[in-house]
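Here come two complexes built around chain A, the first alongside chain B, the second alongside chain C.
On to the complex of A and B.
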C-alpha cells in the first residue's frame, strides 16, 4: 500500500507566546492502517477575468459521464425506457448518478431491469417522452463517507483576487492569493461537488487542486 | 502586525508512478491586503466522551464577538485520538464536509457567512473511546 503523509506547520507571533504547531498525518483508508491509493494528481484551473460564474472544480463523479438517448419516462414514474441498446446498455450500473430535465437532484440508478429499462431512485417530476429525450449518467462516484482529502491552492499573485470554495450550496470560505486548504471530503451524496467562484478578480486566477483518498473503492 | 505562516507538505513515494512531493507556504493576511491576521482563538481542546454522539458546535460564529462574514478566517482542526476507528464528521450548516480520522488534521478557510455557519462535529454512535479534538481559528474576527 502507498504511504502518503501530509504535514502542516503553523508559526506566528500573533499571540503573547509564539505559536508553533507542526502536525503530520499519514493518509489511511477509513478506519484502517492501510494507505489510500486514489489520487487525481495535481490539476490546474485558470480563471480569466471574465470567468465569474460558479464553476464545478471537483465533481463527485469519477470518470466522466455518458448519455442515454431515446428515453421515455413518465411523470411520477421511476422506470426509464430507452432505445439506446447498442451504445450504452452495458454501461448502466446501479448507483450511477442521473442528471436530466424532469429528474430531481440527487437521483441514482436504483436497479437495471434489462437492456432497455432501468429504475431511478426517485420518480420523475414530469414526462420525458416520444423517444427523443436523453439522460446523463456518471460512470462512477466517490464512495460516500470515506477518507478522501482535498487540497486546493489559489496560486494567483494579486492580493485582492480570491476564490470562494463551496460544497454543494454551502460556502466554506475564501482563498486569497497564496492561500491553501487541506480538508477531508465525505462526498456524502452526488450533489456534494466542490465548486469555486472567482467573482471579482482583476487578473487571471490560477487554482491548483487535487484529491487523495479512496475514490470509488 | 503579526506574521503568521502556514506551511504544507504532501509527500508520497508510491501513490502514483512518479513520486508526489508538494510544498507550499502561505502568509496569512487580512482579506485583500498584505496586513497580517491579528486575531486567534488560541489552541482549544474538546473531548467527546463515548456517550457523546449528537451533533455539537465546535466553533461558533457568535462567541464573545461575531465573526465578520466573508473575511480571511482560517480554521485548524486535528483529531488527536488514539483509536484508528474513531472519527468525527465535520459539518458546516447542513453540509457535511468530511470525516477526520485519528491523526488527521484539516486547515481551511472559513467564511462564517451567516449565523448558521457554525462548524459542527459529530462522533459516530459506534465510537468506543473519547475523541480528542484540537482546534483553532486564526483570522479577522469582528473586523470592520
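On to the complex of A and C.
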C-alpha cells in the first residue's frame, strides 16, 4: 500500500514549561484503507513586485481546460447545444466544471445527451450566444470533500513581505518569508480554488506549493 | 520568544519520484497563546477555538486523535475550508479577525490544538 508520512515538530520557549510536540501521521484516502496516490509535485510560482492582485495558485480543476465552440444557450436554459468541433464531444463528462459568460458559479455538466448537447446543473443567467459562443470546461476536478492536503511556503527572504492565502473566498492567513502551512483542503466545490495575494511585497515573492492526497479518485 | 515548527514529508513507495523534504521555520510569537489542549468536538454545534474578535495573527496547530471520524474546520462565520482526517494534523496561520471553529461530522472527536500569537 502506498505510504506517505508527514511529521511535525513544534518547539517553543514561550512558557516556563517549554513546548515540545512531535507527531507523525500516515496520509490516507478517505476511509483509511488506502494511502494517498495523487500529488501535483512541488511547484513554484514567482510574484514580481507589480503582481499585487489575487492570483490563483491551486485550482480545483485537474489537467487544465478545453473549449466547447459554436455554443447556443438561451437565458434560463440549461441545455447546451454545441458544435462537435475537433471531436470535443469525446471530452465532455458529467461533473466537469463549466465556466463562461452568464454561467453562474459552481455550474457543472449534469448529463451528456449526445455529441452536440449536454445539460448544465443550473440554468444560464442570460444568453451565452447564438451559434458562435463558447464555453470553457475543466477536464477533471478534485473529488469534493476527500482527503487532500496542501503545503504552501513563502520562500521569500524579505522579512516584511507576506502573502495572504485564500480558499473559497475566505482569507485563511498570512505567510511571511520562510513561513509554511500544511493543512487539509476540502475542495468542496469548483469555487474552492486556492488563491494567493502578495499585495505589499517590496521584492520578488517566491511561493512553493504542493497538493498531496486523493485527487479525483 | 520563538516557535520552531518543522514539517517532514516522506514517501518512497507511491510515486516514481521520491518525495522527501523537510522544512523548518522560526516564528516570533507572544501572548496570548493557547498551550496544547485536548477538547471534545461534538456534532451538536460549532465550537469556537479561536475568537475572531481578538485581533492579531495566530499560528494554529491541531491534531484529530479520533481513529475513524473527521473534524470540519471553518471560520467563525461557518465557512468550511478543511476536513481534518482521523489521526492527521495541520499547522497554518489564521488571519486577523477570521477566527476558527471546529465541528465533528459523524461522531464526537477529541481534538488536540494549540495556537500562538504572532509577535
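Here, the second predicted complex is superposed on the first by the 214 of 217 C-alpha atoms of A that agree within 3 Å, B and C clash if a C-alpha of one lies under 4 Å from a C-alpha of the other, contacts with A are read in each partner's own complex, and residues count from 1 in each chain.
The rule is short, and it goes like this: a contact is a pair of C-beta atoms (placed from the backbone, for glycine too) under 8 Å apart; a residue touches a chain by one contact, two chains touch by 3 or more.
These figures come from a predicted structure and were not determined experimentally.
S.K.: Please tell me, clash or fit, for chain B and chain C sharing chain A in the overlay.
M.R.: Taken together on chain A, chain C would clash with chain B, as the superposition shows.
S.K.: Touching A:179 in the superposition: chain B (first), chain C (second), both, neither?
M.R.: After superposition on chain A, A:179 lies in contact with both partners, chain B and chain C.
S.K.: Applying the touch criterion given at the start, work out whether A:2 contacts chain B, chain C, both or neither, answering first, second, both or neither.
M.R.: Both partners, chain B and chain C.
S.K.: Would you check which partner chain A:37 touches, where first means chain B only, second means chain C only, and both and neither mean what they say?
M.R.: Once the two structures are laid over each other on A, A:37 reaches both partners.
S.K.: Given the touch rule stated above, what does A:159 touch, chain B (first), chain C (second), both, or neither?
M.R.: After superposition on chain A, A:159 lies in contact with chain B alone.
S.K.: Looking at chain A, which of its residues have contacts with both chain B and chain C?
M.R.: The overlap between the chain B and chain C interfaces on chain A comprises residues 2-15, 19, 21, 23, 25-26, 28, 30, 32, 35-37, 39, 41-42, 145, 147, 149, 151, 153, 164-165, 167-175, 178-186, 188, 192, 212.
S.K.: Provide the residue numbers of chain B that touch chain A in the complex, in ascending order.
M.R.: For this pair, the touching residues of chain B are 2-16, 20, 22, 24, 26-29, 31-34, 36-40, 42-43, 70-76, 78, 84-85, 87, 89-90, 92-101, 103-111, 113, 117, 138.
S.K.: Write out the stretch or stretches of chain A touching chain B in their complex.
M.R.: By the definition above, chain A touches chain B via 2-15, 19, 21, 23, 25-26, 28, 30-33, 35-37, 39, 41-42, 145-151, 153, 159-160, 162, 164-165, 167-176, 178-186, 188, 192, 210, 212.
S.K.: So in the complex, which bits of chain A are touching chain C?
M.R.: Of all residues in chain A, those touching chain C are 2-15, 19, 21, 23, 25-28, 30, 32, 35-37, 39, 41-42, 145, 147, 149, 151, 153, 164-165, 167-175, 178-186, 188, 192, 212.
S.K.: Write out the stretch or stretches of chain C touching chain A in their complex.
M.R.: Interface residues on the chain C side: 1-11, 13-15, 17, 19, 21, 23, 25-27, 29-30, 33, 35-36, 57-58, 61, 63, 68, 70, 73, 75, 79-95, 98, 114, 116.
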